[in-house]
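These notes open a run of structures that come right after.
Consider the two complexes below, in which chain A is the common component and chain B and chain C are the respective partners.
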Partner chain A sequence: MTRAGWYPLAGAGDLAEGHIVDAVLDGRALAVWRGADRIARAWENRCPHRGVRLSIGSVVGDELVCRYHGWRFAGADGRCTRVPAHPNSAPPSGLRIQARPVREAAGIVWCDSGEGSEFVEPEPGIVARPLMFAMGLVALRGAMLGALGGSSAIGEAWLRASLPHEAGGWTVTLLLRPAGPHECWVHGLVHAGAPARPVAIARAQTDWLAGVRRLFENSL
Partner chain B sequence: MIRLHHYELSAECYKVRLLLSMLGLAHETVQVDMYPGAAHLSDSYRRLSPLGRLPVVEDGDLVLDDANAILVHLAASHDPGGTWFARAPGQIAQWLGYGAALAASLGAARLMDCFDTGMDSAPLIARALPILDALDRHLWLEAAEGHFYLCGTGPTIADIACFADTVLAEEAGVALRRYPAVRRWHDRVRMIPGFIVMPGVFPR
Partner chain C sequence: MLASCIMTRGNDPFIDEQNDPVLLDQWHVVASIAELRRGPVRTILLGRRLTVAIRQDQPVAHHADGAAAATMLHLEYVWVCLGQKPARLFDIPELAEPERRVVHAGSFGVRTSPPRAIENFLDLGHFPYVHKDFLGLEPHTEVPPYRVSTEQDGQELFARDCRFFQPRSAANASEGFIVEYVYRVPHPLCAVLYKLNPLDRDRQDVIALFCQPVGPEQVRAHMLVSLLDDTSDDAELIGFQQLIFAQDKPILENQVPLRLPLSPGAEVPVRADAMSVAYRRYLAALGLRHGVIAA
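Let's turn to the complex of A and B:
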């Protein structure tokens, strides 16, 4: 387990209304979704009925519908609102999906892996494409600090680094999300002011980070 | 009348069924019992496709036994709006190539597992992962500019060519959560009018 705190799950723009992201935070499988009320939610990715992943389900209004038997769960409190096989009886009142604390800031959807952790707002920037690395957070953080010249740590899950000069030279904040013992996601914010085409900078960032990943994969 | 020779569980055949449905084209179908019957290797089927490939489309005197070729033919000859291929042929042809590479790696691995061949699909998966990553990169960057399909703001046969094998990736043991932009694009493809499913593919 990694230290409890707020970790990025997805870019706020990548979590479109009606979409369900399948994400893992510190070994905990999450269905991250946004209903018609535009609120981002992170739920335990498991239907309490038969254990199917809710991330293969669908969003209808402000409710999440399980793919298997169509059980519906209310975004507001995670309670079951409808069991299609028993349309005339009230759904079991004790059924409730566990929701994790979520907030949106700096263009990113964040989740608290614990309870009541303090949220520290990162320096704003252009939201980068998240990339998965096949390493645990501690190993990845150490490898990055060693391999990226001029990089520095910000706490235990963030790093400050710079793209190479030929890739634009921008400063980036890398935001690490532990998924499993050998899986860590790297989200990022690129500090490049307000350029005309932010996507060109996001492209330079993801191609640089993919190169870092190849470097680590080849040295494993 | 267009005649499609196909097998229900084949992702290559699903590509053609998808486009026929999205274009709303009348056609007749012939089921080919690929597994376990191996009907695609029979003498009669080999008169249509000497290599025993699926699917085959007969359209008048034309016989095609390659999914990409069929997609191009249908889009070029039967799409009055001209939106599915003609507006970016070079770009679309590139993604048709990616789709073929996915079929030869991810798709082949899935068939190995589903048909219980006992063969090791790991080398095929190793070839598929960089293709999935390249697809995810492209789709993420395009979506950041408001383009929600592989080639711009509307669907083309490029989307169909890359959708079939990627949406079935978990049947080949590849977790799609590694490719969030691909998952999001799957949602977009499901919204195209005329979208149909096959076993293992969920509707919207």
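Let's turn to the complex of A and C:
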């Protein structure tokens, strides 16, 4: 377990209304989804009926529907609202999906790995595509600080670094999410003001980060 | 001898499950005759590598070290028993009826436990969602009550009077109707489904699923169909069953945990799951350890 706190799960723009993505935070598998009410939620990624991952299900209105038997769960409180095999009976009482605390800020969907952790908002930037590294958080943070010239730590899970000059030289904030003991996802914010083509800048960040990952993998 | 044949990589956490006495003494399908006609088959049963072939019309199976395993030809398949006291192998007498076609519809590798694959085969409630437009369609989602019983001194499990609306129940079905099912579980990892034929509704099609336990989280599912269908050719029958199975596979590979939990509180059943509950109890009563999480 890493220190409790707010970690990025997904880019807010990647989580369109009606979408579900899966993300793992500190060994906890989550279905991250957004219903018609536009609220992002992070639920335990498992239907209590037969254990199917809810992230392969679908969103209908403000409800998440399990792909296996069509059981529906209300976004507001996670309660089961419908068991189609018994359309005229009330769903099992007390059945609800556990939700994790979520908030959206700086174009990112965040999740608290603990309860009531203090939230610190990063400097806004262009949200880059997250990449997975096969390293734990502490090892990855240390490797990045060692390998990226001019980089510095911001707390336990963030780093400040710079893209190479040929990639624009922009400053980036790297946000590390521990998935498991040997897996970390790196989300990035590129501080490039309000450019005409933010997608090109996000892509340059992704290419650079993929290069960093290759470097680490080759040195293992 | 047996233990030496188990693939071990360091301390194999599966080793106890791969030596589950319940499954060692059972017969398991390892290959279809159809597959063996194309040549010997290399496969894995309970963690042991086997080479299976048919020589002079006789099935043979060998371990990696050359030792022979007990084999039997039965119902279009070669079966292997690894234990010292082979259990009686069940029959499906209906397959001997005249005018029947018996077709091996495919062997599918699935990354799940064998009992999860069987439980899915015994399930009606998923039809409108996983097999939409074929075996089910909203709003026809209700699973009416059915009867569950154990027979043959607890060796076999049945579900009778199962009814479900199916828009296209088989390759030769042209319209939807309420299909009547009987499920039979004559072996911890084999299940047989009897269902009304879409054209001759007094007679039954038979579909059987034989799960080869490769390991506790890996199965090869062999599907046998025997249909009263003289319009569809074998390729159509096989294509239909493969389509259905391909719809089940992503579900099976996304169940957490992959092993079937036998503890009554581990998952939340409803009345429609009476057969699932009975199957889990049946496995617990047999003392199965492979591919399950014991209660």
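Assume the second predicted complex is superposed on the first by the 220 of 220 C-alpha atoms of A that agree within 3 Å, B and C clash if a C-alpha of one lies under 4 Å from a C-alpha of the other, contacts with A are read in each partner's own complex, and residues count from 1 in each chain.
The rule we apply is simple: contacts are C-beta pairs under 8 Å (C-beta built on N, C-alpha and C of every residue); 3 or more make two chains touch, one makes a residue touch a chain.
From a predicted model like this one, the values you see are computed outputs, not experimental measurements.
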(message) So in the superposed three-chain picture, is A:129 touching just chain B, just chain C, both, or none of them (first/second/both/neither)?
(response) first
(message) According to the stated criteria, A:85 is in contact with first (chain B), second (chain C), both, or neither; which is it?
(response) second
(request) Check the residue A:95 against both partner chains and state whether it touches chain B (first), chain C (second), both, or neither. (result) second
(message) Just to be sure I read the superposition right, which of the two partners does A:74 touch: chain B = first, chain C = second, or both, or neither?
(response) neither
(message) Tell me the contact category for A:50 with respect to chain B and chain C: first, second, both or neither.
(response) second
(message) Let me check the overlay on chain A: which residues of chain A are in contact with chain B and also with chain C?
(response) 56, 67
(request) Note which residues of chain B are touching chain A in the complex, please. (result) 133, 137, 140-141, 143-145, 176-178, 180-181, 183-184, 187, 202, 204
(message) Touching residues of chain C toward chain A in the complex: what are they?
(response) 124-126, 128-130, 138-139, 141-143, 250-251, 254-257, 261, 267-273, 276
(request) Could you please specify the touching residues of chain A with respect to chain B in the complex? (result) 10, 13-14, 16, 18-19, 21-24, 55-56, 58, 67, 129-130, 132, 198-199, 202-203, 206, 210
(request) Would you tell me which residues of chain A are touching chain C in their complex? (result) 29, 45-46, 48-53, 56, 67-70, 83-89, 92, 95
